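Chain IDs A, B, C, D and E follow the sequence of writing; residue 1 opens each chain.
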Amino acid sequence: MSSRVDEILSWYGSDHPGVLKNLRWMMETGTLAGTGKMVILPVDQGFEHGPARSFAKNAAGYDPHYHYQLAIDAGCNAYAAPLGFLEAGARQFAGKIPTILKLNNSDSLYSSSDPMPAVTGSVDDALRLGCAGIGFTIYPASCERNEMYNELRELAEDAKAAGLAVVVWSYPRGAAISSQGETAIDVVAYAAHIAAQLGAHIIKVKPPTDHIEQDAARKVYEAEGIDVSSLDKRIAHVIQAAFGGRRIVIFSGGAAKGTEAVLEEIRGLHAGGGFGSIIGRNSFQRPKAEGMDLLKQVMAIYQG
Amino acid sequence: MSSRVDEILSWYGSDHPGVLKNLRWMMETGTLAGTGKMVILPVDQGFEHGPARSFAKNAAGYDPHYHYQLAIDAGCNAYAAPLGFLEAGARQFAGKIPTILKLNNSDSLYSSSDPMPAVTGSVDDALRLGCAGIGFTIYPASCERNEMYNELRELAEDAKAAGLAVVVWSYPRGAAISSQGETAIDVVAYAAHIAAQLGAHIIKVKPPTDHIEQDAARKVYEAEGIDVSSLDKRIAHVIQAAFGGRRIVIFSGGAAKGTEAVLEEIRGLHAGGGFGSIIGRNSFQRPKAEGMDLLKQVMAIYQG
Amino acid sequence: MSSRVDEILSWYGSDHPGVLKNLRWMMETGTLAGTGKMVILPVDQGFEHGPARSFAKNAAGYDPHYHYQLAIDAGCNAYAAPLGFLEAGARQFAGKIPTILKLNNSDSLYSSSDPMPAVTGSVDDALRLGCAGIGFTIYPASCERNEMYNELRELAEDAKAAGLAVVVWSYPRGAAISSQGETAIDVVAYAAHIAAQLGAHIIKVKPPTDHIEQDAARKVYEAEGIDVSSLDKRIAHVIQAAFGGRRIVIFSGGAAKGTEAVLEEIRGLHAGGGFGSIIGRNSFQRPKAEGMDLLKQVMAIYQG
Amino acid sequence: MSSRVDEILSWYGSDHPGVLKNLRWMMETGTLAGTGKMVILPVDQGFEHGPARSFAKNAAGYDPHYHYQLAIDAGCNAYAAPLGFLEAGARQFAGKIPTILKLNNSDSLYSSSDPMPAVTGSVDDALRLGCAGIGFTIYPASCERNEMYNELRELAEDAKAAGLAVVVWSYPRGAAISSQGETAIDVVAYAAHIAAQLGAHIIKVKPPTDHIEQDAARKVYEAEGIDVSSLDKRIAHVIQAAFGGRRIVIFSGGAAKGTEAVLEEIRGLHAGGGFGSIIGRNSFQRPKAEGMDLLKQVMAIYQG
Amino acid sequence: MSSRVDEILSWYGSDHPGVLKNLRWMMETGTLAGTGKMVILPVDQGFEHGPARSFAKNAAGYDPHYHYQLAIDAGCNAYAAPLGFLEAGARQFAGKIPTILKLNNSDSLYSSSDPMPAVTGSVDDALRLGCAGIGFTIYPASCERNEMYNELRELAEDAKAAGLAVVVWSYPRGAAISSQGETAIDVVAYAAHIAAQLGAHIIKVKPPTDHIEQDAARKVYEAEGIDVSSLDKRIAHVIQAAFGGRRIVIFSGGAAKGTEAVLEEIRGLHAGGGFGSIIGRNSFQRPKAEGMDLLKQVMAIYQG
């Protein structure tokens, strides 16, 4: 047990020991055990983008067991997926790696400018599948945001009462902001703050750019001289926005890209104090050895 | 008890023994008992298309007992129907054949471009009628899809807790896709994957064509050289999309047509590894002897 | 106790004895006791059309006790009305005649092309008022149909669990069909089938005309040579559509009209095998002696 | 205890003794105790029209205790108000006068052509505040009417189970009828009938004019020669429409006006058999002595 | 224990002792303990306006512990914040200062002319975090007002049953009123009255201007000669509108501004009989010493 993990757990003083047990389980698992850093494997792309777009490139990934094993073999802290994918391996892999049941999802057979996912699982599902936590996506800036916040409130309250960690994907998206604005520094920092205020234990946002979306925010960024010129400074700002560093903030890997591009970004996340990464397509869309190799290089940076 | 059935049941490791009992009941019933293949008789056409369009051609079918007996005499694995049809014979046929209560239905007196069925029964209804499972239709691509997914989530969670199998009809339909796209290979594979992710034990989709509906999918099918030129290859792809073969996927028979056309299609389904068929109009809209004969020929193919 | 009543009750094998008791109570009450035929007095016109339009012609009808007594004196099988009308006499007439609490109603101070009634009572209300059953109106073809079906599903499930009979008024109406189509033979047969599939014990539809509303249906009526040229043949077809005769189907009397016109229609209903009539305005909008006389003539036809 | 009160209570035979106790408490309170007539003080104008418009003219009325005391001192049968006004005096005035908790209210900071009040209290609130009954407003003719009817159904069912009287304000209003139509005799009579059918114990409507709003109704009023030429005849017609006199129907006082105009109207209500009045603005918007004097004159008429 | 606090508590006679305990805790805490006056620190700006706009000016404020400590050190009566901010310090500061869990919030990534906040916490959350009360914002004049009133009704009923104080932010806003109208004297007085009628124990409104928004109100203000020419007179009018002084009404500080401007306004609030202030941005957006100094000057005025 590391003192860093204890320090992080001390931030969650309003939670009962059952929640702390699961947060500790995640932070004491895998290659990064004890460092307070996390690399999580998420595989909801089949639902979000369709099976062929997700798994054809590395067809082993059609099998839900593949991802459980990849997460274990690569030394990840946790594996996150929708109901069906977890159900398909929950017994075989019970207790081998912390799992996070993703409780809402969107598919690409229908899309709208203001996204709204379907709730596809429950806290009771997470309990019967032996999960360490629940995952939930909110889309701030969507006209449907209130419904998502309300769903999260109810699920998070139940999850905390049941001892489950609450992981929130906070992705601003909707007709109210520009496409560029989805990753603007002011918007990403705001998204992290909203997730924290809604009671998330772990917050996932996208790495921000130096674009500033909202005029009212730009005035403050300029007046106060907030430096957003480099990725590490932006990451530090996002973490500050999430309760001055008292919440675990991790970052998504985004679309599949070259290895060096991935690692370069990870270095920036690490330099800015990021708590880790969620890396999906960049890991499971490569042959297993390559995917594991990439994940190990990512972990090495976070250990650095 | 066959080893193939045990193998299939091993895929459902997150379910409790009550669910396995009902899945086994279905797979150990009728002509295909023990093969791991299934032919199910569904009779919801009266609700969906109206009584005359469904039963006038073979007027014996107005009587709900006819279909129970047809399913038994033809050696089907199960019989699926809406509330009223099952209620009308549940006592007489109790335990003689596994039944699946179809929990949502649409009628043709009103239609819209984005379909949304009514929920017409409950898990408690399925229990009091002695059913082996529940059936539920989702229409991915409808703007109402989220409501259907949410309804299914609640019903499936309750059904699993009560030991009932969950059978999902996954039929993409709605203003967001073309009519041709409803049976496009990318769309059908995606529909099977969504149903699996939503927690279905048994998935029913339509036999796919070689049309590809979505541009983002087409790029992948071409880049990865996915062969969709023949029905058996498309079927294999759909089964792969449903968790790499770890879920039972069966196929609908579609509109009434000639015997040879039906059988030719079944041969393709079987060659591709399909787990079976749901054959409604092609069986009960013929005189009973002819309908039984067709069903037996279908079963013979799956035994082959 | 008649063998015909026992035969009819045998059709409801999925219901527990509490429901059978109430179905038997209705069929063993009044002039038609033991015949398996039913004449029911419904008085929801005050709610539907307003008090003056309903009761001014025979002002005794403003008093809710009048209708209880009329139903008893005329030898009806049951009396159906909304909450307030039943509440106003439930104690005085407790056990004297089976009552059916009409659980949804529309008023005429607001109207829309796609009708949607308000739910105005509950299963618990029906129990505390000593009713034999609940009544519920669905409007297939209305864009609001799904909400009605859902409400009916919940109420019917609760009613059956409490031992109450479920009587469904199935009146296709809405922008999706023509005014003529509301009583078209294909539409009325479909409406009866939907009500049966939704779990109704007793189905009330309007006497159908020989109009065929839907093109897809017309093809079948012509191809299969379904004879809808006379009222008795149409009635037989509707009863066939309601599970091949395994459900009680009764017919509404419609707008007030001359005595001979009423009786002529009843003869057609009887000749076609109709299980009876619901006669409201044609009975209570005449002086009591005349109304009773008409009801007795109707019953005589059904006894014939 | 008067025989008239016993007679009135006999109309509510479907209610349990707890409800009768509270109806009796109201009818045996104040100046009109035992007469079967009621004068109720309602003070929801602060919520409906704003505090200054309601209370500035007689500033003592800003204090919620003022109205409790006014109702007691003037000899009213009951006092009706929203949650906050009752909460502010419930302990001090507990048991001194029957109170009616108004469970829904509209404010004037937002308005629409089809009104829909907010539900602002609960049956449990009424119980903890020691109320004799609940009050609820419905707006027949509003496109939102069904939601109001549904809310009333649930609240009324709970209230009756808890022994509370149900008082319904039935005010037709909405884009479907004309402004003149809101007090048309056919519409007011219909509104009283709807409230009775929805299960109200006490019905409050507005004094009707001789205007007839609906064509279908006009035909009947003319054909049957219903005399609506004087207020007393219209009142008698409205009471007839409310179950032939088996329900308590009281009338609102309307906008503030001169004393003689108020009294003249009361004489008409009394002559027609009205069960009493609800008089708000005409009482509390005058100095207390004047308001009490007016109320006493009103009561004197009802005693006459 | 002061007699003034006892006097104020006597206004809440419908509440049980558990609620009185928490109201007393707030009134007996901090510099103003025992005076019946309150200064509350609210920090929901991070959620409402984003983290940088809220905290960049005084970056210590990113840390949720900062605000707990600021409220304690400055001698505030209570500290109000959304779920996440309270969770982040609830254990460390348990019992050190009364807290108010703000149960609904809006963010600025999406906005509409008729605002509608999301519910972001529950009464159970408030209990597990050891709060003294709940906070809830209503926007009268928004077309969504009814939904907010309904949410408040349910939450307030549960909160009172659990012994929590109910603090209502009542901010008229929406397309139905002008921007100037949001702080018009008639509108603010009305807003305070609505909150009181909805059952608030403590009401927060904005300091009103002398603008009158509604024509119907203007007539009364003129006819009755209500003097709204100075802030103290307007404050007295607002307090009168909140049940003639029987409810605690406090005022917001509004946007950040100069110290003297703040204090000048406080003097007006105090002169008019205001019960205190909620001061957020004007306190935590300054360096801690300056913020504390301002708060102490404000308290000194209320002690005067």
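Keep this in mind: a contact is a pair of C-beta atoms (placed from the backbone, for glycine too) under 8 Å apart; a residue touches a chain by one contact, two chains touch by 3 or more.
In this text the structure is predicted, and so the values were computed from the model without any measurement.
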Chains contacting each of chain D and chain E, listed by label: none
Centroid distance [mean C-alpha coordinates] between chain C and chain A, Å: 58
Separation of mean Cα positions, chain D and chain C [Å, integer]: 36
Chain B, residues touching no fewer than two other chains: none
Chain contact graph, described as a line, ring, star, complete graph or other shape: ring
In the complex with chain A, residue positions of chain B that touch it: 11-15, 140-143, 145-146, 149-150, 153, 157, 172, 174, 176-177, 186-187, 189-194, 196-200, 214, 216-217, 220-221, 224, 226, 237, 240-241, 243-247
Chain D residues within the chain E interface of the complex: 46-47, 49-53, 56-57, 59, 62-64, 66, 82-92, 105, 107-112, 116-122, 124-125, 128-129
